[in-house]
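For reference, chains read A, B, C, D, E and F in written order, and residue numbers begin at 1 within each chain.
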């Protein structure tokens, strides 16, 4: 079997697959450019537009979103114009929520020196920003695009928040890397989460798609690093503190404090070897 | 001691080091461009080429790989033409395996809505894609380049799969961040792995380079989030399910189910303070 | 309420906020470009400059740093010229330390095949590189910029080292993803850290900003994957080995070996269901 | 006098000038990007958009124009929304005129092999395209931008058509370089012009700004290469042919044929030296 | 008539036209990138490739040309593989001719200080380079692409040489702007041409496409600035010198010297007004 | 003879030539980037820098020039540091001259509506800008770079001013395309030149390199379009007006007015055919 035979066969296969699947997804490059423009508009980190340019930048961003949606949703019957109008109508609210998030991070994190530092440098804040934008699109019934946005933020920050999760305001993530927040998670006001926390499902199976599989976290809860909380019926009662490296699959009462009681064996290395 | 003295001394040092080391590595920028082009060719997420352009794009990709290999391996005695031909001859097989991987993810993950969504947005799928390409290069005896590719995917997704690992088809990664799969790991068919799983070595020492140091995972195994499995003699028997946050350094029988039995201490916060 | 009312209100809000906050931060794009140029200068992975160009490249990099600092620190009273001169005077020392780091990684990691491979492909080495540069800026009293640099490296590698941490030479990170090293951590010579390790605070509260909240790790310590060590008074004595998935909030003596003693429950899946 | 004194003085001067003049001009980079997008939309030479994308591309182009105009005309009292609407309402007519221009070039030029070749490769056609767009903006009362567009086309093609000139349809330019068509020129239907032709003013003085200073060329006229026709009262009657290298400052009747009668002296080089 | 009616009508028109015409032309962007790469390969003005990279760069350039040709000529029956092979087989000859051209320019132009300066800075030399490449493609029967290349050079330099012209070696152009050399021109060895020279047709009409319409210039002729020579039967005999601003439509004998005998009227400005 | 033989032979030839010639020229890409930065600094057409950034931008531009000069002049013995200091010390004077040039264009051209329009859109003004910068470098003894700059401007505007020409202030170019001003030309104050004007040499021969070969134009002269003035002894006396399409090889007295007296033959086309 020679090379060109193989190559031809691959090419035939690709063409068949590409044509069949192509229409159902937006360009990921366009999606990410739109996101970048919008985030820079809300939280400019490179240069400030002229005062008179704000309105035009926003209008252009709106057209870009409309074009992205049209590129793969035109035959879907979704009211794209309505979705876009609703999204931009809601943008002020999202922005105000994000400022509350940033303020809370600055207020709690001893390593933060200003809200500005949080906004320009914290990956956790970037992840929340993309989540709030993707979540709103998701709630408006848009498929695929919210996942492209959230997985882009996931790649950039290590924080994987499914756009369908419900997260109230303010919300704080510190250090971020390795956080997973599943699609049916519900998180109350004023919750703080540290690196490596998973809010996940007890079991993973396709026929659970319509069921609440991820935990509920009530107001004013803190969850320290590397803790795993699983299950759709698991509720972390308000004002609780969950320590680091805890593995929880059951609900805890409000005002609880949960500790890991790992036993360690400590030897002198002479003994150990 | 003034500045220019220091600067001159740094520059002398750099020149000496650079000249000595330079010839042994490919341009990482060229390597990543080649990878991007190839992944876009297999799974186009931005635009579909004209039907007549497929063959030319593939040919160009082939020349790019050949040029990258020539740039640092010419004096090595490796048969570069042969390696390149073999790689592209194998590409159809790799592509078919990747489609099986994507289908499996879609089949198991309740959050996935289509194979397409998996392909365009799942970091886990991207990591598997880069692994299968880098692994083939590695098996053809190519040094350095496979690591550049796999570490690029690692940076982008948080999934660190050494190109020398052996992973059968289909293979599923969900959420991805924090997964480590060591160089001598062997993974069977139809295995699923969640975020934060390590398949690692018990000890790390240079003189172990030639020894199997990482586990074997047999067919149909599921390993939930944050579990650590260590050791070259550790075998996870087929059809087993390893729960989340487990720490395993010994083999388990086929058909086992392994649970973490962490004890937690739960106090009312009044008591706790 | 129609769309343009909402939009106008958002725009007014943005203008007010942006003008108030704008002056206090550098352009993140300029900051990252400067970092990229400097890292490529020290460890060229794409092409080697002409021998006669080294001095000019360095001078240009110096002007770029000076311009970045001027853009947000001019009214601060910081002696920017002095800071820049000191930074470039110290660069040779930083470079020599980084070569020691790279050599150690190559020496210990059985998967590494050369120092060059480490330099061009290891995310852990990249994270250390950015840390050593950001740390020096931080020690010179520069705000914000060091965080932008370290969080950029965090996003790229999953390794979050606060620029204020003190880390001696050589230092080794392997696999990297999910490592967190807090602002007041002190790490001695010849320490090795694996993926998922946290060196963190026991509690997080803003009024602790001036207090040592993160551990001290003495010389020749190895900390394996997913281990969490918390607290400003926690000291890991020299020559100790801390096993994987350990959760430590107390000091250990020099020469200790610490094991995780998790109990697992292992069932046959027939029984389990 | 040392260097920094000079530099400081230059910088003060620049700041004063820039601030005074800045508000009155659009970004030339934005202007040219807008033009490129629009020309690519009308005459795509790189790739064809999806059928469903046409409308969105046009809408985006419209926002871009609006933003450019707002950036320097907001305080002018010009009805920018109205101007933009009128421009895009007229675009179909402009496009149809341009196709007539291209067809005529293909019909007359023996070197052209298809209308397509004319559209993708003829600088003369590009110059006419930019003229028809800039002229429409100019007629809508827009200052500065039309000149930026026409001078950009001038730089690219060597054809300098003032946007205020009136040129009927179809119009043919061949070879193009060195053509100058002044601001008050009037050109009828079906006129052809070759390289190096000037339709200029007899005298140049600022107080002539409001007066017709450039010629009128009636329908069906051909003007061959390097001919100069000057003066606001000069009328080239319909159906005339003006030969190459003619210098004309007076009107000619309809149906005229005008020749250059240069005398040449021809010597044998033996005699000449 | 409202705006969207107009816009819809334009869009329908564009779609109809684009679909009909699209297949017959290459991407001009790809064409120009290919040209830039090839010219940089022959006359590098930015950096020198590694010695081992030359062959790969050339191979890649070859694939790029093949892909461009395939994109619009696949159904044409042209032997694209053969054309590409022939082109690259002839490249050494073209390169040697271009070096002779550059040497001649340096030898004759008192303003040139080295062959290198000619190669990196002379637009005339750039125009000859593109002509020799485009001409070879044209001789191999390739349509459209040679015109895209030559009109790109025309835009960049003001020198318009039709790719079908026949120009022997060496050939010298100085100052360049405004030169037009028609499709059926024949130019001998060692000819020099200055700015504004036209070698054109006496009449322009489509049915002349198959006839020689442009002059023949024999060996060792010099044609000074702004001279126009017209007609397919016009032959400038060898060793002749044609002065500046001459208008010639008839042949001249070998060894002739032709002068312009313009009479000027010179007045004192007092008298003149 | 097969293809690879030919290719190998070309590659050998290129390597030999490139290595021999390479060291003597700067990167044209770097040169043009430096020029663009400097022109944008003097005449910003895209965005205004922060007030505090001016000094840094200028310093960076200075380093860029120094690096370009070092890249090809290091072994030349030229005092590069001195040249760079002198150039930037003179920049304020050059800038003031350029503002006088722009004011004059605005004052004389009835088509200009403001100095700003001239600065952002007139190719003639761009050509003068590049000339004044290149000329200063040339006077400081810098080879090659000034030609790269002036030929870049030539390509962009069709105006070819040799950097060694001496042109006083103010100087006005309108329409520009096709202007040639030779290396030994001397132009006085307040001179205006229109499209297609050549100030050239009577004869072109290498051994004239050291001799004044191009005309002298005294103060307050106007030279209209397409006029050619040749010869190193030709002096256009002050206050003269030279009409369009004149061909002059002798001096004219101050206060002269020179007309073209071309005779035309005008026929009715009936007669003519």
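Operating definition for what follows: a residue touches a chain if its C-beta (ideal position, glycine included) is under 8 Å from a C-beta of that chain, and two chains touch if they have at least 3 such contacts.
Bear in mind the structure is a predicted one, so any value in this text is a computation, not a measurement.
Participant: Provide the labels of all chains in contact with chain B and in contact with chain E.
Facilitator: The common neighbours do not exist; no chain touches both.
Participant: Trace the shortest sequence of touching chains from chain B to chain D and report its length in steps.
Facilitator: Between chain B and chain D, the shortest chain-hopping route counts 2.
Participant: Looking at the contacts, which chains touch chain E and chain F alike?
Facilitator: A chain counts here if it touches both chain E and chain F, which gives D.
Participant: Over half shared numbers or under half: where do the identical copies chain A and chain D land at their interface, same or different?
Facilitator: same
Participant: To the nearest 5 degrees, please report the angle of the rotation taking chain A's Cα atoms onto chain B.
Facilitator: With C-alpha atoms aligned, the rotation comes to 120 degrees.
Participant: How far is the middle of chain C from the middle of chain F, if each middle is the mean of its Cα atoms, in Å?
Facilitator: Measuring from centre to centre gives 51 Å for this pair.
Participant: Distance between chain C and chain D based on Cα centroids, please, to the nearest Å.
Facilitator: Computed value for the inter-centroid distance: 56 Å.
Participant: Two or more other chains in contact with one residue: find those residues in chain B.
Facilitator: In chain B, the residues touching two or more other chains are 47, 55, 158, 177-178, 196, 226, 245, 260, 262.
Participant: What is the complete set of touching chain pairs?
Facilitator: Touching chain pairs, listed by label, are A-B, A-C, A-D, B-C, B-E, C-F, D-E, D-F, E-F.
Participant: Over in the complex, which chain D residues touch chain A? Could you list them?
Facilitator: Residues 50, 52-53, 55-57, 59-60, 63-64, 66-67, 70-71, 74.
Participant: Would you mind writing out the residues of chain C in touch with chain B in their complex?
Facilitator: 41-42, 44-48, 51, 54-55, 58, 85, 88-89, 91-92, 95-96, 99, 107-111, 113-117, 119-123, 156-158, 174-178, 192, 194-196, 222, 225-226, 244-245, 260, 262-272
Participant: Can you check the complex and tell me which residues of chain D touch chain F?
Facilitator: 1, 3, 6-11, 13-15, 17-19, 21-22, 24-25, 27-30, 143-144, 147-148, 151, 154-155, 158, 160, 162, 164, 177-178, 180, 182-183, 196, 198, 200-201, 204-209, 213, 226, 228, 230, 239-241, 246-248, 252-253, 255-262
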